[in-house]
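Below you'll find the structures, each written out as structure tokens.
Both complexes shown next keep chain A, but they swap its partner, so chain B is in the first and chain C is in the second.
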Partner chain A sequence: MSWRALRIMWRITRLNFRAQLEYRAEFLMDIAIGAIWQVSVIVFATVLLTRFTGMGGWDSSDVLLIPATRMLAHGLFVLFLGRMHGLGRSIQEGRIDAYLLRPLPVYRQVQLEFFPTNAIGDLTVAVGLTVGALGRSHLDWTAGRIAYLVAAIVGGMLLEAALFTVVACGSLRFPAADYWGRWLEELLGTFGSYPLNVLPRAVGGFLTYGLPLAFVAYFPAAVLTGHGHTTGAPYWLAAASPLLGVGAYLGARLLWRWSLGHYTGVNG
Partner chain B sequence: MTVLHAWRAGRVTPLGELYAPPRMTAALLRLTVQVVLVASLWRGLYAQSGTTAGLGREQAVTYAVMAVLASRLRELDQYAGRDTVQQHMHYGTIVYWYLRPLPPQHYYALRALGEQLYGLAWALAGYLVCLVAGVVEPPGSAAVAGVFALSLLLGQWVLHYVMLVIDQLCFWTLRNGAALMILLFAQNLLSGVFAPLWYFPDWFVTLSSFLPFQATLSVPLSLYVGRIPLSDAPFQLGVQAGWLAVLALLTRLLWRRAARRVIAQGG
Partner chain C sequence: MSGSIEVRGLTRTFHTTVRRPGFGGALRSLVNPERVAKQAVCDITFDVAAGELLALLGPNGAGKSTTIKMLTGILTPTSGEARVAGVVPYRERERNARNIGAVFGQRTQLWWDLPVRESFAILRDIYEVPNVEHAARLREFDDLLDLSSFWDTRVRHLSLGQRVRSDLAAALLHDPPVVFLDEPTIGMDVVVKEQVREFLRNQVEERGRTVLLTTHDMTEVERLAERVVLINHGRLVLDGTLGEIRRRFGSTWQVRATLADPHAVLGPLPGIALVRREGPQVVFGPDGSGAPTVHQALKAVIERYEVSDIAIDEADLEDVMRAAYVHAEAG
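Take a look at the complex of A and B:
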């Protein structure tokens, strides 16, 4: 990406941010949404941890690392690549047809459609939870562990982006396929925040190999906390989660390019 | 003639749903997977513990699965049909709601009723399948079933009014996307969709008792699984009816105030 392209993106983002400020009440509520959503995930995880101690054989301070990783990854996804979620509406309203005519990659234009105000709330709570989780952690945070955690967060962000890009590719053919995106978001929020080994093996397998939610936060946290051999998946696979995120994102972008090439708008 | 109008208005959103096969398929798959996942989760959590917060394993699974099924009751996508209040406010087409022979509040209620009945068919079919498969337990007695049905009806009515208030907000703020999302989260959290309220700390339960959300789902489901005994049912039904009355009066007032804010182009 050239320096000029970066400058254009920055200018559009600034304009988008000012546009969000047009409706002040909506702007503040958008920030609140991010925070409330994340707090509700924390409350849910805390309730389960309090009522069912020793969840899946994990210490509660170790479990906290899972929602912390997932939330940070999710917050970054919302900030940088989140416009893939809900793309069906842009397709339905024909905006995507206009993007095809402009001299900027369609994927980038989609990401620059509006400023994700809720990401501010998302990231604020996520950073708070991460600080809390690291504070309670009994692990020795060496440079290697910190580097792996950062890689896992970036990998989680890319994996989530890959999943929503695949749904967006489906929306190019059937705009109503966007519905799958809402379900995906719900699944990530509900089942992405605690050890999946509490679930039966078949269900855990589905959330690993069918819908790879386990790679977003559960596997990286398991590797970091020494539970990597009890996840039910090969250790090397769990440890390679950040790489899988990168691979999945690159694959999803190829699928996006192919899908866009086969897209036919209202006018054929 | 009135019945014909009601039928035509009520079936709009369900018809839109029937014309979108991917959404129907997704709804079916989503419901199935969500039920399996939720049942597995609660069974897994209870594998190493006995009765927790007054709820046994089967009660917890039944509660959680029925909460998933109940979430189907109001899930249709009005946005795709460009018929949300926010869209009408944005495009200025809200004025047509006031030009038709059918008053806007009646049109809104009929659309909601159509959605609700369509969602009920899904939830009921899901419930019967779960009952036959042994995922959920049947009600303890005919009296429990009757009280549950009444409580669910009141709960959904309360939920309808809560959603109406958020839609009416558009007449003042033009947009309600963020408020709707907050409502969705609050509803899921405070009505016990995420986890039964009985697991939460006392302060949380006390806080939620001052809000209408627990009347929408937590009360009917707790009655069904027997966490709220039948002897307490009259009080709980009374609280639900109380919320219903308060919200009915509030929304009536808001419809009247909203009408004064709608101005057609040219004044």
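Take a look at the complex of A and C:
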């Protein structure tokens, strides 16, 4: 991406943010909604720390790393790449047609459609949880571990973006595919914060090899806390989670490019 | 850069599921869907010369918007070829986007939450227009479209007329040689319509832009277009100047004459039929496909009969196009 492209993105984002700021009540409400949306994770973390000593063979301080990683990855996804979610509506309103008329990649234009104020709420809760999780952690946070955690968060963000990009590709053909996006969001919110070994083997297998939810936070946290050999998946695969996120995202972008080439418009 | 448009055998087929009637039919369609191919645009060929304004006309669902979408790079044709200012739009979408401006009357291409002027500034950066040029063009468009009275307003708060004027300016700020307008004045009041027409005329005559316009407003066609392409059911049925089309389909004239002798016996006139007679008042109209033009008919009536008063009623473009649509439907 060129310097000029970055400058344009920054300018549009700045203007979009300023536009949101002008509606004060709406702006504050969006932030609050972003935070409240994560209330189930906060309740889960509170219950975990006050009532249980651990879960699925994991110490509670280790378990806390899973929702912290997932929420940070999710908050960054919402901030940078989250506009793929709900693309069906943009398609039905013909906004994709307008994007196709400008000399900019359509994917980038979708991401610049508006500023996701709710991401501020998401990220505030996520940062608070991560600080809490790191504070309670008994691990020795070496540079290597910190680098791996950062890579895992970025990988998780990209993996979530890949999943929603695939749904968006479906929306280009069938706008009703948006409903799958809602289901996916629900699934990520519900199962993304647990060690998946507490679930029945078939469900855990589905959330690993069907919908690769395990790679967002569970596997990276397992590798960091020394549970990497007990996840049921090969250790190398669990350790490669951040790379898998990058790979999945690149694959999803190729699929997006192909799907856009076969776009048939609102009436098609 | 030449702003010509070349369209050769352009075809776009959509595959849709046939909806069977009733609840049982809907269930059958779910289990055993019947897919059919529908040609929205079929083997269309035409050219638009650089600096020409062409009206692409046709009834609703004729394939006008699909044609424009292929020429702007939004859709890829099933077969055929198109070049817009020398670029194949669906192969080099981003390069084509730099050469064209487009306005779709029913939806905006501006940033919904931003003031119009901010949208213009973003477009300046996207299209890499130098600041001095941008400012000069903005002044010019403001003079013609009166933009400054509302350009600090967010797009979501604009009236339809203000929004389309902003869209028009946004589409032309990067000085594209080719402009596509899909029903740009739909829903506007007459004052704004006239302002937009004046702007378009200025852009064609003074700036030499090539314009492809779709509209259902025949006044607009009459005021702006020299040439018309008519499509129906995805097929091109007519390509000619307004004069040619009038000659071919505008033969719905009437010649009203008051005869000096109210009892004069009326003999046959070639290609001219007597429509009505009330004493000295007679009305003549065209008789069959070989009817003369209104001026030839006028001459024939005056030469044959002694008249004390005479007047002609010519069909307006709306009637002419209606006749052309009926002809296309029958053909």
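Before moving on, here are some points about what is shown:
Just so it is clear, the second predicted complex is superposed on the first by the 255 of 268 C-alpha atoms of A that agree within 3 Å, B and C clash if a C-alpha of one lies under 4 Å from a C-alpha of the other, contacts with A are read in each partner's own complex, and residues count from 1 in each chain.
Quick note on the criterion: a residue touches a chain if its C-beta (ideal position, glycine included) is under 8 Å from a C-beta of that chain, and two chains touch if they have at least 3 such contacts.
On a predicted model such as this, the values are computed, not experimentally measured, just so you know.
After overlaying the two complexes on the shared chain, residue contacts for A:A177 are found with chain B alone; chain C is out of touch. In the superposition on chain A, no contact is made by A:G135 with either chain B or chain C. By the touch criterion defined above, A:G144 reaches neither chain B nor chain C. Using the contact criterion defined above for the overlaid structures, shared-chain residue A:D30 touches chain B, although it does not reach chain C.
When the two complexes are superposed, the chain touching more residues of chain A, out of chain B and chain C, is B.
After overlaying the two complexes on the shared chain, residue contacts for A:Q92 are found with chain B alone; chain C is out of touch. Residues of chain A that touch chain B in their complex: 23, 25-26, 29-30, 32-33, 36-37, 40, 43-44, 47-48, 50-52, 54-55, 89, 92, 118, 170, 174-177, 179-180, 183, 186-187, 190-191, 198-200, 203. Against chain C, the residues of chain A that register as touching in their complex are 4, 7-8, 11-12, 15-16, 19-20, 93-95, 97-98, 100-105, 114, 261-265, 267-268. The touching residues of chain C, counted against chain A in their complex, run 14, 65-66, 69, 72-76, 93-95, 97-98, 100, 102, 104, 106-109, 111, 113-114, 118, 121-122, 125-128, 154. Of all the residues in chain B, the ones that touch chain A in their complex are 20-23, 26-27, 30, 34, 36-37, 40-41, 43-49, 52-53, 77, 79-80, 173-175, 177-179, 181-182, 185-186, 188-189, 194-195, 199-201, 204.
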